[in-house]
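A single structure is presented below for examination.
Labels A, B and C are assigned to the chains in the order they are written; within every chain, residues are numbered from 1.
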Amino acid sequence: MTGAPTFEGSAGTWEVVIGLEIHAQVTSQSKLFSGAATAFGAEPNTQVSLVDAAMPGMLPVVNEYCVEQAVRTGLGLKAKINLRSIFDRKNYFYPDLPQGYQISQFSDPIVGEGTIYLDMPDGSQRAIGIERLHLEQDAGKSLHDQSPTQTYVDLNRSGVALMEIVSKPDLRSAEEAGLYVRKVRTILRYLGTCDGNMDQGSMRCDVNISVRHPGDPLGTRAEIKNINSVRFVHQAIEYETRRQIEEIEGGGTVALETRRLDPSDGVTYPMRSKEEAHDYRYFPDPDLLPLEFTQGFVDNIRESLPELPDEKKARFETEYEISASNAGVLVAERAKGEYFEALVASASDKSGKPGSEIGQDCANILITDLFGILNKQGLSIEQSPIDHRSLAGLQALKLDGTISGRIAKDVFVEMLETGKQAADIVEEKGLRQVSDTGEIEVIIDKIISDSPSQLAGYKAGKENLFGYFVGQVMKATGGKANPQVVNELLKKKL
Amino acid sequence: MADLTELTLAEARDGVCGGTFSAVELAQAHIDAIEGARVLNSFITETPERALAMASESDARVAANDPRPMEGVPIAVKDVFCTNGVHTTAGSHILENFTPPYESSVTQNIWDAGGVLLGKTNLDEFAMGSSNETSFFGPVENPWRAADDGQSRVPGGSSGGSAVAVAANIASGAIGTDTGGSIRQPAAYSGIVGMKPTYGRCSRWGTVAFASSLDQAGPMTRTVKDAAILLGAMAGFDAKDSTSVDITAPKFEAALTGEVKGLKVGIPDEYRLEGMPAEIEALWNQGAEWLRDAGAEIVPVSLPMTQYALPAYYIVAPAEASSNLARYDGIRYGLREDADDLTDLYEITRASGFGDEVQRRILIGTYALSAGYYDAYYLKAQKVRTRIAEDFRQAFENVDVLLTPTTPSEAFVVGSKSDDPIAMFLNDVFTVPASLAGLPGISVPAGLAANGLPLGLQILAKPFDEQTLFRTAQVLETAAGVPSRPAPWWKEAGA
Amino acid sequence: MALDKATVAKIANLARLRVAEDRLEGLATELSRILTWIEQLEKVDTDGVAPMTSVVEASLRQREDAITDGDKADDILANAPGQSAEFFTVPKVVE
């Protein structure tokens, strides 16, 4: 494809082809086929039912909420919802897979093809195809480092509902892959169907990657399993791309295999347990029946969807007349977008000015000032020490000319430190903007008479000395002089 | 007092509830009888203490004038039903010491109805077999012997132990599971009544799974009325089983009106096998006569797919089993052999824990599902299955029930078919088609072969029409007369 | 269908069943016989016939999302052949 990034090897130009499989844990109380709890961090084997432990005679019963969440996610991915789907058994042996099979969906998944749009840094949008989404059981956890001779098995996670989201092999770089993961995560969090917490493992990626000369058919792919951060996705792709190119240019071939990433050295290694290609012997689970629901069921869910990031971004751009890049930052998290809109509404209310006029400034104060603070202190927007109403109060003081933009920044810091409202701080510290032309003229006159050489220099053509005069006025007024008034008056007097 | 082990289940129930004898007396009589019949190897685990404790509770209930539908009735349970705190082995070395901390839904239903647990009966390992010769705990012996030889005969399988418990009068009734005929066939070989309900009628929760789309629990008793009573206690919707059908079970006992006037009985042409023993054919014709005499109409029908049922079954059942038995891996329960690495652990434990027949079926099933063969074997078999079900559906547009022999022969000599798996499979030729279609079926003792061994006739009915099934079966039973009893040679042998 | 020793060995591996080398030949013969007998299914016309998904004519019943189970580590571990603290144990797996 044209425009895809390419890599120069020692013997030609290469293109990397990437597909991602994301495993997202469904936000449900109980597991996909059993009534045991799903919360993270419980004592080993305490969130395990007889069904999860695959005791003799145990049987699965599907969780209706997990089905709903999968449909909701499918709609968020603009994908086809299949009114009839089948649960299949995927058969293999591993200690954290008690049944000796995983209940998954193979030939008839609940969700079909869809699309995700990536917001590229250059402002363009790139469409990435979704192949399918299906429901499946998660496996338990094997701990290999608790003992020198034994592996320990905890089945708490065994049977938790996962949505496996499979992309088409449309990604062409580590950067795109990272953006894709972030976008999927954002959508899932908007929908509330997965908390996207990669640290805790509620969202993990498998990366399928191959290389080829542009225009050639697909090369053999390697699968890198269980990557749990965007940084590691980048790392894995970068290493694999180099490894595969070097392998082929060195006369070898890429093996169809499963690998894992060692984050400590950024190297991928073949996984021993997956050495043989597995024959999973998929067949429809005879303990279950086909999963069926009506179009009405799907339509109800569609009606209950929140506004999704792409739509919200487009709306912010038009409604609040803010830049695409700012809009992108604000919609990256649903709560941030909601804060922004509440801020604008409140500031608009207080100032009487419409959202389209004040939107950009509100966006700026959030993005430049508040988000930076929150990041540094490791807080989420929900934990912000300044709520939207208080921040709107600050905005209103700026908008009605009570304080300058410059002073507002100081007030903001003061608000953070003291928790006081902007109006109180301005009063207490006497920060009201000086806009009285008379007062400022007197100050300007004094500065001009005190700065003969600068005056001469400015008159001689050194235009940047204007800034010197502005600075002096600000110093003399403790920063409170109204910048527009200062500019106008200085222009007249100089 | 009359021998309490001679009573039918209905008589036992009536006796306890009516105060003629106590549940404890009834239980004790059977406990003693079990002890005296050990040579038959019908039981894997006897539970006399639990039986007496449960019987005691039954007596308390009767005294308080609050009896349950089957109060005090002593029941033998095939060792595939998980019983809380009691070993459940599935007849296998791999579960030899497994003690479930839970109770299967079907057995819980029986205890809730007042039933008393005598013990866990022997079976073909993991319910795979038609002779009860593959159990890790040794073969079960049929109390029936041929008149002309003294050879040990198989009781049939896989529910051989349960069949024998009823036939030898050491339990008032028993329960088994039927996947391809494992209740009906041993019932025929042992001269008792054995019934498989419609798939979905009984819950499978807590029942060790063999083939999920085929397994069904069912009653094994001395009379049709007993089977109706016992099924009444067992059946019912269970939300824990996704294949359990949400249908209120009718009162099966009430269906026994004794009337079959106007009933249309289908005789499927294709069940008349080439080389079929003359006796079996004669009995089949006799059965049709009996029903005609009682007012039924005999209608020839055709089930063209019949001959393909056995091969289809021997793909579908092993395939499902190969997956269902993957959980027996030595990790969370059951046998574990010593091993230094995981692969050895799996391979050695499973090879040691499973017998030859189970291993054979796991291999066939694994192969049938494997890459490149799924379409030709498993998918093909499931399509043939659809056609088999369609055959029955069409036939049932014209008839109400079907009458067939239950088995193509009487009970065979122990060891005589062990070398020939396919010959062993053929024992199920008449029972398997109904299993594939999920239909209810019953075997009724209808007569004796020339050598004195029992023969059974099978009735099949429409899905969820157990009422017509029982009604017809009882008429047949009445016409056939009170079945003979085996000469109790084992009582001397055991003494 | 004739199975050879190598295929039987592969199937046994998939099924995690250790089969002694000297049994492979016999098993291959036995299984081949059974599979050949099964192949009579090829004679059945199944064009346009849907495979049976279940004899039960219903669609899948769904249960409410509620925590109704678990919290029974003792029962879960009661029959464990290998155990340490509250974990199942197996011989160490090297990834």
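We take it that a residue touches a chain if its C-beta (ideal position, glycine included) is under 8 Å from a C-beta of that chain, and two chains touch if they have at least 3 such contacts.
On a predicted model such as this, the values are computed, not experimentally measured, just so you know.
Geometrically, the chain at the heart of the complex, using CA-atom means, is C. Distance between Cα centroids is largest for the pairing of chain C with A. In whole angstrom, the spacing between the mean C-alpha positions of chain A and chain B is 59.
Annotation: 24 Å between the Cα-based centres of chain B and chain C. The distance from the centre of chain A to the centre of chain C, each centre being the mean of the chain's C-alpha atoms, comes to 41 Å.
Chain contacts: chain B has residues 98, 100-102, 213, 239, 242-243, 322, 326, 329, 331-333, 342, 346, 366, 370 touching two or more partner chains. Counting partners per residue, chain A has 50, 53, 61-62, 93, 95, 151, 153, 279, 281, 286, 288-289 as the residues that reach two or more other chains. Shared interface positions of chain C, defined as residues touching 2 or more other chains, are 14, 16, 53-54, 56, 58, 60-61, 63, 75-76, 82, 88, 90-93. The touching residues of chain C, counted against chain B in their complex, run 3, 7-8, 11-19, 27, 30-31, 33-35, 37-44, 46, 49-56, 58, 60-61, 63, 75-76, 78-82, 88, 90-93.
Across the complex, chain B meets chain C through its residues 97-102, 199-200, 213, 239, 242-243, 245-246, 305, 307-308, 311-312, 314-315, 322, 326, 329-336, 339-348, 350-351, 354, 359-360, 362-364, 366-367, 370, 376-377, 379-387, 389, 421-422, 437-438, 463.
Within the complex formed with chain C, the chain A residues making contact are 28-30, 34-37, 43-53, 61-67, 86, 93, 95, 142-144, 146-155, 260, 271-273, 279, 281, 284, 286, 288-292. Interface residues of chain B, counted against chain A in their complex, comprise 82, 88, 90, 95, 98, 100-102, 104, 204-209, 211-213, 239-243, 319-320, 322-323, 325-327, 329, 331-333, 342, 346, 366, 369-371, 374, 378. Of all residues in chain A, those touching chain B in their complex are 50, 53-62, 89, 91, 93, 95, 98-101, 151, 153, 279, 281-283, 286-289.
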